[in-house]
Amino acid sequence: MTIKGVVPPVVTALDAAGNFDRPSFDRNIERMLAAGVHGLFVLGSSGEVVFSSDARRDEIVDAAVETTAKRVPVIVGVIDMQTERVIEHARRAVAHGADGVVATAPFYALGGEAQVRRHFELLAQAVDVPVYAYDIPVCVHTKLSVDLQMQLAKDGTIQGVKDSSGDDVSFRRLLLANREAGEPLALLTGHEMVVDGAYLGGAHGAVPGLANVDPAGYVRQWEAYQAGDWATVAAEQDRLTELMDIVFVTSGLAGFSAGVGAFKTALQLLGVFETNRMPEPATTMEGANVEAVAGVLRRAGLLED
Amino acid sequence: MTIKGVVPPVVTALDAAGNFDRPSFDRNIERMLAAGVHGLFVLGSSGEVVFSSDARRDEIVDAAVETTAKRVPVIVGVIDMQTERVIEHARRAVAHGADGVVATAPFYALGGEAQVRRHFELLAQAVDVPVYAYDIPVCVHTKLSVDLQMQLAKDGTIQGVKDSSGDDVSFRRLLLANREAGEPLALLTGHEMVVDGAYLGGAHGAVPGLANVDPAGYVRQWEAYQAGDWATVAAEQDRLTELMDIVFVTSGLAGFSAGVGAFKTALQLLGVFETNRMPEPATTMEGANVEAVAGVLRRAGLLED
Amino acid sequence: MTIKGVVPPVVTALDAAGNFDRPSFDRNIERMLAAGVHGLFVLGSSGEVVFSSDARRDEIVDAAVETTAKRVPVIVGVIDMQTERVIEHARRAVAHGADGVVATAPFYALGGEAQVRRHFELLAQAVDVPVYAYDIPVCVHTKLSVDLQMQLAKDGTIQGVKDSSGDDVSFRRLLLANREAGEPLALLTGHEMVVDGAYLGGAHGAVPGLANVDPAGYVRQWEAYQAGDWATVAAEQDRLTELMDIVFVTSGLAGFSAGVGAFKTALQLLGVFETNRMPEPATTMEGANVEAVAGVLRRAGLLED
Amino acid sequence: MTIKGVVPPVVTALDAAGNFDRPSFDRNIERMLAAGVHGLFVLGSSGEVVFSSDARRDEIVDAAVETTAKRVPVIVGVIDMQTERVIEHARRAVAHGADGVVATAPFYALGGEAQVRRHFELLAQAVDVPVYAYDIPVCVHTKLSVDLQMQLAKDGTIQGVKDSSGDDVSFRRLLLANREAGEPLALLTGHEMVVDGAYLGGAHGAVPGLANVDPAGYVRQWEAYQAGDWATVAAEQDRLTELMDIVFVTSGLAGFSAGVGAFKTALQLLGVFETNRMPEPATTMEGANVEAVAGVLRRAGLLED
C-alpha cells in the first residue's frame, strides 16, 4: 500500500473525563473516508501522541485499523525521545495492524547527523513495514537535511517523508533530488496552508491537520492537482487558508492548545466530536474562544448561522 | 512607478582592489534589462549594503539610476541598525534619484512591535517616495507580523513588502489579507527557489538574487504566470532551483561568502563581472570552489563546456 | 531527607552488549559515597533516561536504591514528554524506593506557562515524595521563569530545583526570591564549570555530571564553601573546569556522545566502568578520542602516566 | 592606560527634544568618577550607539574625553554592521581622543569564524590604540569562541574582552586559557547581576550598566574583591541584583526600552539626568512605569520616600 494523496493526521477524541472517545473518533474517520481521503495518519503530533500512555496508543491504533478496515492505509506515529522506545512503539503498532510507521529524529539529547541516521537504520531493521521520516524541527529541534533524507532513501531505510519543517526551500530541493534518484520516496507536505505550492513542486500528497475539519476541500484540491487545474488548486488553498484562521482567532492559548484545540472545537461544533476536551496539561477551549472558532466556520459556510 | 514583476536585487561589482567596478555593474544591469526585468533593487542584502560606506552607497545608487535611465523603477535599500541612520540613507537615496526605498525592522537593539511600527512611520514621514518593508528575520531577528504589515499598509505608511522571511505561511496569509483590504501593498517574494508557489498564491512579483545570473529564466517564469501557464511556471522554477546549487556546491565558506560569492563567481564566469571579488571581511572564492560553480553553470547550459 | 550538598547525576553503566552493567554502576556509586557526596540523582539527562525503556529505568532505580541503602537520598528523574507518562514514571520510581522525583517542563508539544504549571501540579498530586523541577531549556526548549518557580514553591508543589538553564542571572534572582520567601526551595546548580559562583550566591548544592569522575573535588569544594574558604572554593573550581576539558578534546562527536561519552570513557580509564559503551543511537568513543580523554586525566593527576 | 576595575558603559543623556544633553551627561560622568570608577565605556549598547548618527557619536566622544580629562581611560564603542564602517568609526574615535576602541563581531550578514577573525585583524591594523572585543551574541548573533579570542590575543590583535555573552562557562574557560597564556587579555564581565562569580573566577573588571545608577556599590564590590573579602563581594552583589529589579518592574516595554529606559528613568529620579528621554524609535517611560522604578530605588535606599 503506497502512501499518496490526502492523508490527514487524525485528531484524537476524548470524552469529558479524558478517556478515549471511540464513537467520536470513528465518526471523524468515517467522515474523512466519505470525503475521499487516501490514507490516515494516527498518533501524529496533532493526534496527541506525546500525551498518550502506551495503553492509549494501542487503543487509538486498534480503533483506526478496525474502523478503516483496509479501505485506505493507516500509518502510525511512533514518536518518542530516542531509539529504544521508538522501536518498542513501532513493534506494537505493527502488531496492532499499522501499514507503516512514522518517526521523527531523536530528541531531548542531540548528537549530530550520524546518530539521526543510525536511529532510522535501527528502526527500519526492527520492523517490516515502510518507515516514514517525520521532519518536524519545531518539535525535535533537528532538521533532516536533504542529503540525509536521500541517503536514507537510496539504501532503502525510509520509504517517504512527512515534511512539517516549514522550510519550503529544503522541501523543493528534496523533491528535485528524489526525482533525479527515480522517486524512491513518497513526499508529503504537512504544511497545510500552502499545499498548493508543494503540489506545484510535485509533492505526492499532503498531511494537513485541517483536513480533520474540511476533508472534502483537500480532496477537491488533490483532484484538481491530478487534473492540472491549477486555478482550482489555488482557490481551494485560499479558502482553506482562511479556514485555518480558527487557530489564530482565539486568545490566551498557545501552541498545541491553540492549534489542536481549534481542530477539536471545530469538530465538536460540526457535530463530529462529543467534546473538545484536550489532554492534560493542555487547556480546553471555552466561551469566547469557542465562539471565535464558530465564527470562522460560519464565514467559511461550514456552520449554519 | 509601481513595483511588480521580476525585480532583481542587484549584486555589486568590485575590482581587484576592492573599489566599485562601474563597467561591470552597468553590464549586469544592461543584461538584466535586456532580459526584460521589471525593476531593480540596489543596496539590498546581496548588494552588500551593510559592507558599504556612505560614499560607496552613493556611487552605487548613482550608477544604477544613470544606467537605468528610468527604463524601469530603481528602488534602494536603506538598511541600517536604527531609525536615525535609516532616515539619513533614505534622504540621500531620494536625492540621488531613488524611485522608492526599502527598509528592514530596526536591529541590534530590539524593542517590540510598537517600536518597529514607529520606525516605519518616522521613515515614511521623512521621504516622499514609496517605502517598502523588507521582512528578513534571518538578518534582523524580528519577523514582521501579518497584522503589523496590514496596519502599515492601511495607514499608507508602506506601499509594498519584500518578503525574505522564509515563512511562506505568513506570506500566504499576508496575500489574503492584502486582497481583502483592496490590495494596498505590492507583495514580492525574495524566496528565489519557490517563486512559483508565491505566484500561485497571487504574489505581485519576485526579488530573486539568482536573477543576476539568469534573468531570462525569471522573466519567462513571470510571463508564464501572467498567461496562466502553470506547467511552465513550475518547470522554470525547477530549472532555476537546480541552478541555485551554485550556493551549495562549494566548501569552506558560509553565509554571505557562499551565497553572494556564488553569484559574483557566476557573473565572472559568464563574462559579466571582471572579478568575483568580495567586500572585506568576506572571503572571495578561488580554485575548486570556482570550478564547482562553473560545473553547475555548465549543467544548466549557461556556460560552454 | 532534604537534598543539599553535592548530588551527582549518576552515569549509567552498560556492558559490551548494551545491557545494564550493575557491578560497574555499583562501583561508581560506592566510589562517590566514599568521597562524601550528599545525595544521588539517577535517570538524569546524563543518566541516559531518555534512552531507557521502562524496564531499564526500573533496573537503574532498583540498583541505586539497594546499593545506596539510605546512606544518602536517591532522587529519580521521571523525564518524559508530557504529564501522563511523567506521572507513570513517578509512581514507579516511588514504588521502587525513590526519595524524590525530578521532572522537566513538558516538551515536544509546547503550550505556555499555564500548562507548565498544571503539569507540575498534577505530578505533585500523584506522588507523596518531594518533587524537584529540572530547568533545562537546552533539552526541553522552555525556561522556567523565576515567577513560576516561586509560585510552585509557595503553594508547596515543588521542593527544589535543579538549575541547568545556563542562565546564571535567572538563578541568582531565584536565590534572592527564595531567600525572601523563607527558603521553601532547595536550589541546586547543574552548572558544573561555575559551581563556585552559584555557591557565592547562596546555592544549596550542586548536581555536577563531572562529579562522576572527580567526586572528591566537588566534596572538597562544598566543604570549603561551608567553611567560608572562598580561595579554596575557586581553586577547586579552576581545577575541575580544566578537568572538564574531557568533553572538549575529542573530535567527530557532538552533544550527548561527546559529553556523557567523555564521562563514561573517563570512568573506564579510571577502572570504575568495565566499558565506555553508549546507548543507541549515540556513538561510543574509540581510539584517538579515548587517548585524548586520558591525556586530560593525566594532566589532572587522576591517571598515572 | 590599562583597563581594569569598574568601567561603566555610560548612558547617553538626551533633552526633551531628543538632542544630546551635555550637562546631564557630564553630571553622570562626574558622579561616577567621584564614586571611584576606573574607566568609562561610551557608545556601548546602552550608550545608544546604534541609534546615533556619526555626528552624535562625535559629540558623545568629545564630551566624555573632555569631561574625563584623562582621570581614567575612556574607551569607545565603534559598533556597526561590517568592517568598513567599523574602521571609519574607530579612526574618528581615535581622532577625538579615545584611549581604546570596542568592537563586536560583524552582523546582519554572517560568514563564519574566518571572517570574524579577519574583521578584528583589519580593525587592529587601522588604529594604534588597544582594541577590545565585545562578545554580545544577543545583539550580533555570533558568539566569540574561546579559541578565537585566545588566537586574537596571542597575535596581539585584541587587548581585552567585554563579555556580555551570558555564557559564564565560556567566560570561565577564557579566564583559565588567558591565565595559562600569561594574561595577554584584560577580561571584563558585562554581566551586571553576577559580577561576583566573575570576580571569583579571576575577572579583571566589570562593565555594568547598572553602575550608572549605583557606581559606589560596584566600586565597593571591587575593593572588597581586591581585599579578598568575599562575603562583602557577594552581599554587594545581592543588593545590586535587587536594585536591577528596575528593569523588571515595568510593563508594556521590551528590550532596550525596558533596560536602558530604566537606567535613564532612575538617573532622572536621582537628579542626575534632566529627562529620561529615549532615542527614536524606542519608548520613553511614563506614569506608572516611572513610579515602579522609583519604588525599587526607594527600597534600595537610593531615593527618599
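Here are some notes:
For reference, chains read A, B, C and D in written order, and residue numbers begin at 1 within each chain.
In this section, contacts are C-beta pairs under 8 Å (C-beta built on N, C-alpha and C of every residue); 3 or more make two chains touch, one makes a residue touch a chain.
Quantities reported herein were computed from a predicted structural model and do not represent experimental measurements.
Between chain B and chain D, the least number of touch steps comes to 1. Counting the residue numbers used at the interface between chain A and chain B, over half appear in both copies, so the two copies meet with largely the same residues. Among the other chains, D has the CA centre that is most remote from the centre of chain A. Computed from the mean C-alpha positions, the centre of chain A lies at a distance of 35 Å from the centre of chain B. Mean C-alpha positions place chain A and chain D at a centre distance of 49 Å. Multi-chain contact residues of chain B, defined as those touching 2 or more other chains: none present. A list of each chain pair in contact follows: A-B, A-C, B-D, C-D. Taken in their complex, chain B has these residues touching chain A: 166-169, 172-173, 176, 191, 193-194, 196-198, 200-202, 228, 230-231, 233-234, 237-238, 241-242. The residues of chain C lying in touch with chain A in their complex are 45, 48, 50-53, 56, 79-85, 88, 106-112, 114-116, 118-119, 122, 139-141, 253-258, 279-283.
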